[in-house]
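Below you'll find a set of structures to go through.
Common to both upcoming complexes is chain A, partnered first by chain B, then by chain C.
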Partner chain A sequence: MLITQLKSKETIEALAKGKTVIINCHGCKEVYFPEQEAAELQKELSVGGNVTEIITRDYICNPDNLRFQLKKFEDKIKDADTVLVFSCGVGVQTVAAFLEDKKVFACCDTCPLPGFQGVTPLEFDCGQCGECYLNSTGGICPITACSKSLVNGQCGGAKNGRCEVNKDMECGWERIYRKLEKLGRLDTLKYEAKVRDYAKPFKESKDEG
Partner chain B sequence: MEDYTKFKLKRAEELIPLLADKQNIFIVACNKCFKEFETFDEPECGEFERLAKEQGKTLTGCAKVDFLCNKTTTAKRLQSVLPAETENVFVISCGLGIQTVADLVEKPVFAASDSIAYRGKHGMALTKTRCDACGQCYLNLTGGICPIVDCSKSLVNGQCGGAKNGKCEVNKNMDCGWQKIYERLEKQGLLSDFLNQPVQVRDYSKVNFKLINEYVKSVREKRFDGYYGGIHPSEHKEYSEHLSLKNFPEVKTVVIPMSQHAGAPAEPIVAVGDIVKVGQRIGEAKGFISANIHSSVSGKVIAVEPRPHATNGSVMSVVIESDGKNTPHESVKPAGDLDSMTSEQIIDLVREKGIVGMGGAGFPTSVKIKPPKPVDTVLLNGCECEPMLTADHRVMVEYADDIIYGLKALLKASGAEKGIIAIEDNKPDAVEIMQAKTANIDNIEVVVAKTKYPQGAEKMLIKRVLGRSVPSGGLPADVGAIVSNVSTVKAVSDAIKTGMPLIERVVTVTGERIKNPGNYVVKIGTPVKALVDYCGGVTSDDVTIKMGGPMMGFELKDLGVPVMKGTNGIIAIEPVAAEPSPCIKCGRCADVCPMELKPLYFTKYAGTENWQGFKDQNVMDCIECGCCQTICSSKIPIVSMIKIGKKAIREGK
Partner chain C sequence: MMLTELFQRGEFVVTAEVGPPKGYHIEHLLHEAETYLKGHVHAVNVTDNQSSVMRLGSLATCKALKDKGLNPIFQMTCRDRNRIGLQSDILSAALFGIDNLLCLTGDHTTLGDNPQAKPVFDLDSVSLLHMLKKLESGEDMAGNPLEGEPPKFAKGAVVSPCSDSVDVQLAKMEAKVRAGAEYFQTQAVYEPEKFIKFMEKAKQFGVPVQLGIVIPKNVGMVKYMNANVAGISVPDSMIAELQADKEKTKAGITGVEISARLIKECKPYCQGVHIMALGWESKIPDILAKAGL
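Up next, the complex of A and B:
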């Protein structure tokens, strides 16, 4: 689940060369896909008559589903010079792998969605650091709630509870302090200084790639 | 299938000191997401329980929760399970779940697990394909192979030169990403394009967190607006929303089914050869929950026999050949002045004139407006949240006075004090007219609701407009409300003003595969085929025709079936086939279910005929809105599985 943004109109126009088939993915639309903007842009691209098909499906990141859904358009795709994909990077790569011989282009840039999870965006984020600090911090994450990801207390730069990096943000460490104070557990903060092991998440990950 | 599980239990060496000074422990474990969905218990909770017991700890209990990061459902669950004597809460989950619990519970919350990095694993299909969400997609330069994740050094200008025999020097199990890119581009004849590209510099500031945070905030707001969940399907109301109502031309033969409503079918009271007139009763309600049926034309009854029906296979129907004169029946005469009518008279008239809910379900209106409990509000549903349909929209724009008159009749009949007309914000013209027409009426108000499907469902609308929650298994009257569709009250108004029963209705004929969309006043009994043909037919043989909207409509195999009291649309759309794959527990269905159910369980239980499981997951609360099925990343036909479960439970299994 990711956020997709359209690439600039000029970029997309330059990509649409020759007969073009467009594939839209609406799978994560409820999270974020610029449906209206994409539709308008595709209308403009269609004016010249080179867009031979606009296909809108969901979850094209699932290769089986993609194959099944594109079957109907086999001839149009075969005939096309270019396939433009409006989806996240996973979707584009899945299409590119399936249509190995075709020029498959991405029309979106993909941005991370805070807190990749089963449900729609939460106000919390998890940095997947692999060494959960929440036990020392009253359940408020210093990696994501502190803009400097400090693990041993505040930097001292906050003013009136606001972060010096981002004034819209509360100082994470002040929040941690207040939460622990409320729970009567301020002594928790007397832990030995921690050193963050940046390699840890990768050691733990099953990710071989 | 890949497994994107994002956490693992911390090691005993770390957990034992953490447990040392703590007693009265409650354990919350997340049932994990993004893995093949099985209904057995995940082992972590048991492992931690054992460890805590070995350390001589007292446990106050444990809870295994699906989608712990879903704050709405988790809050409810924790409220009901957390014993008062608990002093410390331990959570086994990814960092999101732990923070959610820490935020909800007033007690100290501890993490018993660490989150694992899952770099780039963002697909909704648990594939090996990854995306690092760098915000500056390079795939257009690299033949659709990602240099950020497929090159272990994330180089964007070509290979490092360290690969041996096509294998990466960092990780020998991995193919060199740049070699793959080279081969793909060579095959496509695009090598020179690539080599002529200027040097790429990666811009790490490209990901605009501020923008993303704003999106996230707006998505959250949309999700919780009015009621939990719901979706925003592509609406395509533009095909027909601007088209004024037209009378559909007379057809020669109408087929009027005796079952067009919820409850018992009506009994035909005419015989072959009888001459009937417009508005004459031809079917009599059988029982309390049933409805009268009237002739929509004048002419001769040529058959009384079972005929194909849109939803029920074959249903007893009266077939009438029209004489084209439309002579009204003697019973069709004004009922009098609303002010002088009693509540009983209105209810009787509504029953006599065969008026049923015209939003689709067809519940007899006379039963609805005589609720078993006192009600304070009549809510008129002008949301028309189904995509494509514009029938109610046009009725509101063109028959605003009738709707207000009908609403007044319902207020009088039910004894409610206040009338509210709820309209979604995608119909600004209807909102404007209704607001203007009700400006001087004290007890009638127009509420504009942000568009979200299924807002038109009774329970959602009550929650959205009145902020009241209909209890599980309850009726709107339990929270003092009646909900009625705008077209239905227009029919009530007609019945009072002219005495005409419900014999015609507005039908939207639309969809991307219909030649000339339109909104028509159509006589009940008109075959669907006549409508499709009149609108120029379909533009392609590759088409699905549905009665109703794309979300809750019924696919029609036989276009000979007639338009009924609940037929708000006929749509011709592109068929989208689906090939279901196993549930990956992505949680989207639980995320969008407006009734706050967990539809994923039904997909498991239907296969194993686990009827008790269906009951435990409150299947009877499901309103069959189809949000879960629409959003399902595995394309599972969830609604049909739910129907199987409901049917079994109704049969007493």
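Up next, the complex of A and C:
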């Protein structure tokens, strides 16, 4: 899941040069968009009278969808000096490619947010590693529960069960070990050295099981 | 010379550790090593950007020490290089005739002096050992053949015997042995009873273990370690000992006495000692003499 955060007011004001069209993407289930803050900021920007149109749509990251959605604003866009996009980075890139000769600016920063839609964020997270380790680790994800994403056991940095990177965080490998201990399944950890395959998640066809 | 040969001969293997400077002027380090380590220890570890603080490289420092007639141990962490960089540096070590390696995962980047850096951790201590075995068999990690005679190393690793989760550490130690670790150096030990208990369990793996010693310099240092350093707890009695005679502690005498005592108590249970002097290299000959080594 992604979260978009507004850039600072000063930054956005400096980008809004000349006649300006604003495009908001209220996104999809994967992106959290700060609707209210964006609306307030856009109201302030509009005071000067330079904002000629505020367009709010969803799924602007889909080029075909974007083309249809912008059709009826064609004239306003043609006339504009600047297009400000409030969306995730993918949306901005899609708009910038579509309006290739316009100044298109991003007004948000895009960050990953732990958890998928419908799952308690922060408690469970999947790093989409492409070779799920959960079956060796008692159902606790070593990629996201360990600060170094280690797959072969605890590093030397855990103190009092806490991670060396963040004392407020339980060491993921401590959790994995305790869980397997409780299940009487510590033997599960006696596997051959695991080596991550960073090419794997991006392979289109899988030639191995 | 490979540390494994010394263990095989039944020697009580003594090593010390030096940290490269933050800069490339190495005269002081070399002078200290030649004065206090040469002839006193079997080999000298060179740390790899220890505590994630950017410094002169371990490999270059190993080479400089070797040129002065010392036996270096090249420490490698997985924090700063991916598997291509690590394998390449291992081949470079072989070219320089450096044949002792110590494999670590490495501290996280956020703990050091360039916390903005990207933490790599493409491999970890276990997969690094696994990779060494592959290189020794004549192929790289992906299975591509190496040209010529493959390199050969004494492959070391670390373990934390006084960790508050020693069972988790033992599981990791076992994974390291399975992956090819041939000797272990430990985190600093201040509690011989814990170390002896640990060794009773570690014995089953059949690999030599060197007791880790960090010379306690003063009360502030040990209190800091108690609060912040994983796997270290200095008992109150030892803190009192450092407190008792401030002048004696300041002169380093208390630290030397404690270190020598720890070595004597643990010696029957381990196969060597590794001294991390953290700038007090000049005390090492004294410690060894007092410990009867």
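Keep in mind that, in the parts below, the second predicted complex is superposed on the first by the 175 of 209 C-alpha atoms of A that agree within 3 Å, B and C clash if a C-alpha of one lies under 4 Å from a C-alpha of the other, contacts with A are read in each partner's own complex, and residues count from 1 in each chain.
Just so it is clear, a contact is a pair of C-beta atoms (placed from the backbone, for glycine too) under 8 Å apart; a residue touches a chain by one contact, two chains touch by 3 or more.
Because the structure is a prediction, the values reported are computed rather than measured.
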| item | value |
| --- | --- |
| First (chain B), second (chain C), both or neither touched by A:Y198 | second |
| Touching partner for A:S149 - first (chain B), second (chain C), both, neither | second |
| Touched partner set for A:K29, first chain B, second chain C, both or neither | first |
| Greater chain A contact set [chain C / chain B] | B |
| Chain B versus chain C as contact partner of A:E131, first or second or both or neither | first |
| Contacts of A:A158 with chain B and chain C, given as first, second, both or neither | second |
| Complex interface listing, chain A residues touching chain B | 1-3, 5, 7, 15, 26-32, 35, 57-59, 61-65, 68-69, 72, 88-97, 100-106, 108-132, 134-135, 138-141, 144, 179, 183, 185, 200-202, 204-209 |
| Complex contacts: residues of chain A adjacent to chain C | 147-161, 164-165, 171, 173-174, 177, 181, 186, 189-190, 192-196, 198 |
| Chain A partner contacts - residues on chain C that touch it in the complex | 104-105, 107-108, 110-111, 119, 121-127, 129-131, 141, 158-160, 163-165, 167-169, 171-172, 174-175, 178-179, 187, 228-231 |
| Sites on chain B touched by chain A in the complex | 3, 6, 8, 10, 18, 33-34, 67, 69-71, 94-96, 98-103, 106-111, 113-119, 121-125, 127-137, 139-140, 143-146, 149-150, 171, 173-174, 184, 187-188, 190, 206-208, 211-213, 215-216, 219-220, 223, 231-232, 234, 542, 576-577, 579, 581, 585-588, 590-592, 631, 633-635 |
